[in-house]
């Protein structure tokens, strides 16, 4: 996610948040300015149309009545947005990071010779390949980077592996296959005594399962959307609320003495703020975090980071320890 | 679950959700159109009946009073729907998937000969059989596919196994029995040294327990419904709210000058929208996710997927590894 | 829990819930009919008393004012009921089921001879005994079935075991003692090589701990009630709300022209519905799920089920496998 | 926690809760009677002062206006009380109970001779000592019982242990030190082959870590209070609400015809009930559960229970099994 | 977190919370006094400006209307603050404490000679180094203490280690590298038989993974802020609410008979209280807990504590046990 601002407000008090209001990237203004202009346009259109006609005034009052009562089922919106946010955070924490896996591979698959390096690197490659396969199917950014499996071959797969992958028929996503390879290869490494004992093999298997569980969770988050009905209800509610507002919040001639219409301010500032509040609340998180918006995860960079640190940890850092020295506090 | 729409809205902003409003499958319109027509019919009936009679008008005003106060205990509805949604998601994540189990069977039960294949395939068959047994008792779709245990035999059981299953008397669901077979067969595989060490056996047992825990959770979700009282209260609340609406939201003669009855619009748009909001919110998730609606889980396809990938993983993919090659980043 | 209705509404839409409204067992009508009749009686009494006296009318209006403002602190009720429901579901999922334990005993304590059977059966008996001891102290049904420890002996304990149990002095519940026996007996089985390796012993110990944790949780749920203050506040709130209603919701003479009192309907349908909503919401879950109501857990049947399947799994099913056959999909 | 009442309401319906209203110990009356009398006193004082003066009446109406609008930010109170309750329950479930630990010590540290007994008893003593050290720093009751470490020596420590404990300098709580002794002693027991294998040692270490995690959680709950700002806001809100009430809820002369002031009841029953609702809700859980109120945990009794059952389990019950007998259902 | 006050209110009832209102450090007054003075200043300015002008009065009434309706989307604020609080508590519980790790290192890496001490101390140093690296990037306090890696060398790293760390290129935070060293060094200690068996090595690896998971979680909490849009919406809402208040809550001339403007109190006490409630609620937790406010975590002291107890546990306390003695209850 691009837009990180925690450090800026580390020490400031409430007053200091004002500077956050003037950011553009990832901001509510960037998110909503088109809708906002549309809303204003229609509002002005009706405002111009209005010629003190009695019927129009009664229609305004009728609409206004709805915008003032609890028309938007706010508790439902709360319910919906909470669902959406939990999915969003759930997807983020489900992003498969190879850190644990690479640490146990580095510590438990031995041999500084070529065969040892090959084993460790291949194991980590399988893990990373699996995450790429699953991310291709859920992230538009990753899909653009790897439009076909051939593109994946370049970075994460060998051609023979691709052939095997394609020879296995399954109607569903095959992201789990490289992890089965991992399991089989770890088992072979144990036979070759590269993995020295059964406990270490078990450790590899356990971390593999944790890794797989995260890939699987991503797959399910993508497969099971929030029920369409809910999304339709909340969209309908917000849309129709603003449709009523555009009429009902027109200023009426103060001289006619309608209740709560004593003043003509030309700019319905309260309504415009409400526009920001509701649409900002509802509109943001609804979005797939694996898309291409400012606020979406930088999936491609994470993929690069993962393969990079995987190789660093299992190859460059393997048994590459500084000489042990007494520390400063040694007594 | 059939209706997946995440990818469509990956990049769009709030404005783009409008296209979601025009989908039919799994939509609120499909869900509610019958109830909606009924509601409109009754509304029109009362509307036609209305002949400016004074008593009727007072009755309308009396009813209207309730529809405008917080008649529906919205917080209770929130409470109820949150319960229902948590059950729904809980049931989904409790669906027993054999992925972990097949990976450890593939990596830890050895032998490319017939005996080895037989062991691995039988173990996975037991696991899948268990999930079929539990799903038969909770999903109407699976029940239709496997009306008797004989039908299960065709795909997931041998006849001798069926005989043993039937010879064991238990008043409760027997879904756990194939898993006990799994445990015993794994133990025998250890004796035959197909499972090479105690740690690997333990790994099989651990994954078996995780698998069993999910089956068990499904069983309990089915057994323990949300207390009937709650469902009755929420149904009663929504039904009676709309019963009041059908009367209380009638347009009264504007000339009689009743408060908030200055305009006769013929179509009570606000009321109709409320109909969608409340019934869409309450009506959706209340439903057993293992039924046959658009939005329900495609249980039968999942069963097929599970047995298919199980066999792929433990048989076709067993030690079927591509030759190890140096990767692109090898330094 | 007796009242299960999920399957009935598997496919029906919102409209179909109406049939749930006409069930009696576990229903809101059965739960509340006595209170309801009392409420109606008092209402009618005041109604009859009412003789257009001015003071009474003002008293009605005064009371009515409270029933219309947010007298009941609904958010507090939400808070309270959520607490109560979480306890209820927590207690259900804490019910100790021997399924995991019996599976590992069946797979890891070996020997088809009498000694082997004796070991396996005794281990499972200890586990079941422990759950009976804890359930006796929290469930009125189980207490009635086993009023003294002598009654437990008949089914779950031998006399020497009872003697040992009684010889150990502890001021608190002794439910954990049979589990200590389990631990010691498993340790002895390891010495006799009935448990073949240390890993298997560890597996038994782990599952034992899970089982014990559930018993312990049940004990704590019973020990720590929701703070009494909360229960008193919520009871007081609901009681006094209906005390105000019984006066404040009287129909006043329409001819006197009191605001919102234009119509005399004789039956205050709105108030009666509110009665169902609030009392149904609050009254249900407040109840100990280990009592004897329709909706309470069928503890005794669960106890029977547990000992039955325990014995089935560790004795009848021990190494009782059907011959391995090639499955239908064997290629 | 002293006040347990679950069993009393096991079977009763809503109506039966009335008897809970008449308990004193741990009740809302005991909790609030002083504040309640103060509130009534001030109310009566203002009531007496009131002499139909016009300014006072207007002041009453002004205050009343605030008590009727949503002055108390109820959602914030909900937020705060939920926080507080979660802490309370979190602290309860963090109470370190030695049950798991004693079971694995009993099953895995062998030898019925004095050395064996000494090892087992010392291990459990270390665990209990650790919980006493942490509880001394958070519970006023335990602090009173063990004002100095010397008092702990009497029951849970030997003098040489105290010397070692004091010789180690640390600015923070030293509760973790006896657990490090446990770890080292278990390691020594393994060397002496009292713990027979590495798996058993691992089991001891795992349970030790679980135990330590709970002590640590207690420490953190004590260290990190709910932010003071929140507590101040909620206190200020409730205090000022009742300050307004004491004025604004005065009965005005009915003859002056103020709106909603048609009746003089002398006792403002609605206000008094509100007093109970809000203060009962907010006032209860705010309290440290390790204090000395009716509702607080009986920490000292739990400490006694823990050391008692620890010694029972690892000493008296060690390999003290009843002879194995065939059970009633043996076939 | 500096401001701990639990013990003060251990036994007091609600009434006793008043003393909490008069604390300054970490209080709402300290947090908000500047904003409060600003608010009062602007209020007085408008108050002085006001000269009974009709237009101004109508403007006041217009603004007041918004401050009295539910202008602030309170449910959204609840949603936002709950998010923020959960992050805050999540960050606290993610703080990596070495307690578990040091206990297993002390119990499982053997040898009282220099090599043994060196191994144990270096392992713990790596773990502490890792937490310092991650905290440097998220806490302004730690960043000030260790502005460059050179400063870290003084306390937590040797120069050769720094060289290796810098030689490894990664675009992302390198906090995980010392943990890879830990993994490799533990593996080497196993080869040297300082770790006596595979199970103990596994235990070290498991605790290492737990430790790493916490560092990783801190990293992610810092990386993924709450979506900027949400923060902007909530800031905008609170700011504009008080902008309306500063005008709309002016007292109008009572003689003009505006509704709810019968009294001129000069001090708008209700508005000022609201100021505290809303800003105190929203303003507090929004802040990065790793900043330098009163209420923020004392990160530097925790770092010192961690290295101190780490060294105590693995060096001074290694096999430094008091002689085993019979306890007081020995029978």
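Here the chain labels run A, B, C, D and E in written order, and each chain numbers its own residues starting at 1.
One rule holds in what follows: a residue touches a chain if its C-beta (ideal position, glycine included) is under 8 Å from a C-beta of that chain, and two chains touch if they have at least 3 such contacts.
Just so it is clear, the structure is predicted and the values come from calculations on it, not from any experiment.
Chemist: Treat each pair of touching chains as one step and give the shortest count from subunit A to subunit D.
Modeler: Minimal hop count between subunit A and subunit D: 2.
Chemist: Based on which chains touch which, give the shortest step count from subunit B to subunit D.
Modeler: Shortest path length, in steps: 2.
Chemist: Between copies subunit D and subunit E, are the contact residues mostly the same numbers or mostly different, with half as the line?
Modeler: Different-residue interface.
Chemist: Counting only Cα atoms for the centres, state how far subunit A is from subunit E in Å.
Modeler: For subunit A versus subunit E, the centre distance works out to 24 Å.
Chemist: Need the CA-centroid distance for the pair subunit C / subunit E, whole Å please.
Modeler: 39
Chemist: If I count partner chains per residue in subunit E, which residues reach a count of at least 2?
Modeler: Residues 31, 75, 78, 198-199, 202 of subunit E touch two or more partner chains.
Chemist: Could you tell me which shape the graph of touching chains takes: line, ring, star, complete or other?
Modeler: It is a ring, because the chains touch in a row that closes back on itself.
Chemist: Going by the defined touches, start at subunit B, step to subunit C, and keep going round the ring. Which chains appear, in sequence?
Modeler: Cyclic order starting at subunit B, direction subunit C: B, C, D, E, A.
Chemist: So in the complex, the part of subunit D that touches subunit C is made up of which residues?
Modeler: 1, 3-7, 9-15, 17-18, 20-21, 23, 26-28, 31, 68, 74-75, 77-78, 81-82, 85, 92-93, 97, 99-100, 102-104, 106-108, 110, 196-200, 202-203, 207, 260, 262-263, 265, 270, 273, 276-278, 280-281, 284-285, 295, 305, 308-309, 312-313, 316-331
Chemist: For subunit B, which residues count as touching subunit C in their complex?
Modeler: 31-32, 34-35, 38, 58-59, 61-62, 65-66, 69, 71, 73, 75-76, 78-79, 83, 118-119, 121-122, 125, 138, 140, 154-155, 158, 160-161, 163-164, 168, 170-172, 176-177, 179-181, 183-188, 198-199, 201-202, 205-206, 208-209, 212-213, 216, 220, 222-225, 227-233, 235-240, 279, 282-283, 286-288, 290-293, 307, 311, 315
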